[in-house]
């Protein structure tokens, strides 16, 4: 065990921090408004031009070939700096690992740089009205017709789907096959003929989701990722990243708990009473963020030696999503009876966002089943 | 000793419930988010006509002469229906304060001509419906005063529940002294009335969720057949089961000052509000989680009650603040 | 609604309180030791002679015909007074309602007075090694042979079973029938030939349970309660009482939280710090005891008008068992790092006892299923 | 930066684990409840021989010269095995204190001839194994002293875990000054070592319960196939997953005073103990509930770990006390 940072890591942290400080655009409009989406795309471009969009990718694709430790440091600095969030997150975190693993050379060359620069912003098109946690119940059909698939069906809960340029979907190419068989991973341009999208208001009213309707929508067979019929296996690789290191790095929560402790200090300076209960909750959240950090460094050490993350990713998903919810609920309790007021209340925005954490990417109920069955080995039925 | 409502109380509750179902369905609540004044057309007049505004006014002042025990079940229904009007503020706080002060303003209040909200120390800096009401009962330096709309100014504040039109108010003109009305009692009434609404919101969230998880299928089974979902909702049911009686018991306490001194009354009200806040908080959390993504959308009605629940749980004192008051009464 | 106590109730409370004060034997040995069992039997006799053993029963059976309100008042005073617990509880609370409902006149005349006076102390013989929460899996066979049944099988977790005089059992009289069918409710004397019992140490080491082994044990057919083959229906009536009003009246918890608040006051007087967290927990427990009280008075009002308690009893069972656990855990947290020390530590004894609450009389997991399925109407499968 | 144990650390841990499995099976732990001195015959000598007592002693004093990072995993195994000896007190606290004081007493300590417990301010009024040890390292007026058995008297106190033979001690005779050893550091080491044991106890409870619920059937299915049971145990697994790394991280902190000042060290140790206490508390609760009645019996071995877990969770500071210390370090 060696928990001291080598000087190259210290230098990396410093370089990252300086760049973010120098280039921070400050508060910008929500990425779930048409204007905000484009402003966020510009921020992606700024990151890309500075070399800080996808530091973990190979330099050839616009990255800087960071190792996992550097990537974790980058994430810590990113969130601590207070720069805007990433409108590209679905693509960079969930799709890109799949393209690296399963994409053809042509797909990698075409899609990855455009994703890195913000030219293509991606949305995820997996869920359907009757296929949420039960993803294998997907019904959207994609029937081969020459060098195209013809899509019919409906997708829903596509985060960023209202304004995205591309959508990565799972569709049923073999309507005879059931459940996990006969599914295919397909990349669909937002302007594909026969696709319509309808924004869905999120809890906060912003169109953070969309529904997609396919009516004889034609998509080129070149846009299959992996093999036809192998969609489930291809998707599960990305689901591993979604629940694992990539989706929610510790840096995000470390930054949030620093803001929380700063809130307590500010309140105490203004002679607000912060009693032992609230102080305890704030401290508990701070400790849990550190716990998530060190558990991640432990995972990273294994990954760097060639280990893989499997069902253990579910442990992290439950932990960070419930930490996120608790830390925001604590902040609202600190704010007391002005907590319901929206104006300039980042904590309330954060609380509402955090509420989705135990639901998306597989509900925490499903995650706990996975932990029990696949990590602990309890009987499935 | 009989812990049960009278047939009259039950019937009156049922009548008001039907009225809410009729005039204040979810579409009306949703409309109040966007319209100019945050109101439900026709509802206030109907409530006045039915006597709901006059529940706590004595019969010799033209009221129904009922007490808080009868009123809390009406307010529970208001929470269940999601009523966005300042019904609790008007009927549970302003009207009895005017009555106790012997003010002649009470006539217009119970008739519905003057619509009140309240500005009390226990309610925090923001006042519900301040911009649309005709008058306030306000706490001013520990005493209660009646303030007509032209005697205060408002600065709007946006609630996450946009049917709750909030504003800070500043008293700028002449107020009517309500000597004889007690500010501590008014605050207790507001906390009690909010607790009753919390119970109603929790019941609505539970009913909506039970219905949804019975219909929604995943992995070939209704979502509601999964034990984790069952246990979430069983917990919500338990929370309601053991908070509602404390609300009724506190209503009795408020209604019987001859046997309940202010400390006991405050303790009882705080027991009610702390458990009701906890119950509705748990109902919100479980309802959203058991709905999944659909519950997280603006178009689906669940959000109306989620946001009401979050707001009411913290309004007029959150669970902890009220537990502190119970602890004080227990001298621990 | 009328929450004022009529003067006859006030007088009743006063009479009850005075009697308990005057007759309190003080601390006596644990009822789970051979000596303590007999000392507790003597206490039962004292109660009986004073008319306070079974106040809710008809005067003809040794009671005083109390109504439900009086009974609740009696329970409040009983527990607040600090007199010893009831070694007769299994019989009085669980069996007696069944005898009143299903017993023949002869059974009522014989068993009830002896139960009231402590001459017969009863244990419950329902669970088996493979039939715990799943009670319908009972295997102990009772085959009719003339005017006797011949019992073979094993019972376990019989509370008070090590020293009891009688055991009320559920046995399978029709070995061909499955699950709920073919069961019979049978009263078995502890000295029945062919029955052996083995004490089982509870978590605290005391023989609070017993295992019973039946080896061609002969029991008279006169000891059937209700009809042969109707054991399930007869038992479920008692299970209703077990989880309902009878088993754990609010008075028990009201007394416990009074002791808890007294502990806080005593600690504060000795300048111990009781911070906002502990104060909050103590207050929460106190409030919950009141909530249980008022919810019970609400139920009682319904019962007195002829309503019945059904699956709603599960709400109470979960609530009081978790309240009991939390209030004792809070007490141990108040005691801090001397909490593990057994000497004169009633709170630790109480904690260990409370730990069994979420397990016995149907685990709280089963209770929550019942609430969801039968109270809320969620689908069973 | 590499958060992983070395192969040597892993191997040493495995060796000690095998030793515990061999010499300290559940029957041996159970026997220590009833025998005269609460000890496991032969175990101490075997530990001495294997060098376990000497882990934190420098090589030039005849020790292994390892650090706390290596030791915490041994102590985790001690918790897993339920070792009733004062191994943590001796190896994690007394030995390094003797080493830092440059005391010649260290030779007999690491050889096993002198068996130590510790009496520290952070450990409350009772001292583990006080009546059977040969000596104590005690905190006296903020300084550390070594106290031979004839220089203190004991007054026994019975723990719910009867393998924990507790006593109050009173220093009555001559003590050896341990100038150079730091009482605050000793307290941190004891809290860290207790945290490591908590993790081990939690793992044991989880393993035992996973095994039981896989075998036990009710309603025709293994108990472990019910979602409620699954979620209880998943929560225990999560608790362990996110507390163990904080224990290892704190061990690093204690082992590296050159880069960790006492406040940082204390903060890290307190993070470890608070989360480890919470993890073992949750493991106890879930293990008992998922076992049902069998877990509530004296004859079944689960109770050995339940009681150890309850005791260790509160020993050397409970979760809240340690969170308070983290809060102080955060200046909130």
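So that you can tell them apart, the chains are marked A, B, C and D in the order they are listed, and the count of residues begins at 1 in each.
Following the convention adopted for this analysis, a residue touches a chain if its C-beta (ideal position, glycine included) is under 8 Å from a C-beta of that chain, and two chains touch if they have at least 3 such contacts.
Please read these numbers as outputs of a predicted model, since none were measured by experiment.
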**Request:** Using the touch rule from the top, work out which pair, A-D or A-C, shares more C-beta pairs.
**Result:** A-D
**Prompt:** Quick one: which chain's Cα centre is the longest way from subunit B's?
**Reply:** D
**Complete:** Whole-Å distance, C-alpha centre of subunit A to that of subunit C, is 53
**Request:** Express in whole angstrom the distance between the two chain centres, defined as the mean CA positions of subunit C and subunit D.
**Result:** 39
**Prompt:** Residue numbers in subunit A touching 2 or more other chains?
**Reply:** 276-277, 280, 365, 368
**Asked** Where in subunit D do residues touch two or more other chains at once?
**Response** 226-229, 231, 320
**Item:** Contact footprint of subunit B on subunit D as seen in their complex
**Value:** 226-228, 231
**Sites on subunit D touched by subunit A in the complex** = 1-6, 9, 69, 206, 210, 213-214, 221-222, 224-225, 227, 229-231, 233-235, 237-238, 241-243, 245-246, 248-249, 252, 256, 259, 271, 274-275, 320, 323-324, 326-327, 330-332
**Asked** Which part of subunit A faces subunit D closely enough to touch in the complex?
**Response** 1-6, 9, 69, 261, 264-265, 268, 274, 276, 279-280, 282-284, 286-288, 290-292, 294-295, 297-298, 300-302, 304-305, 312, 315, 318-319, 365, 367-369, 371-373, 375-381
**Message:** Considering only the defined contacts, which subunit A positions touch subunit C in the complex?
**Reply:** 275-277, 280
**Asked** Mind pulling up the subunit D residues that touch subunit C in the complex?
**Response** 123-126, 157-161, 164, 166, 217-219, 226, 228-229, 288-289, 292-293, 296-299, 303, 306-307, 310-311, 314-318, 320
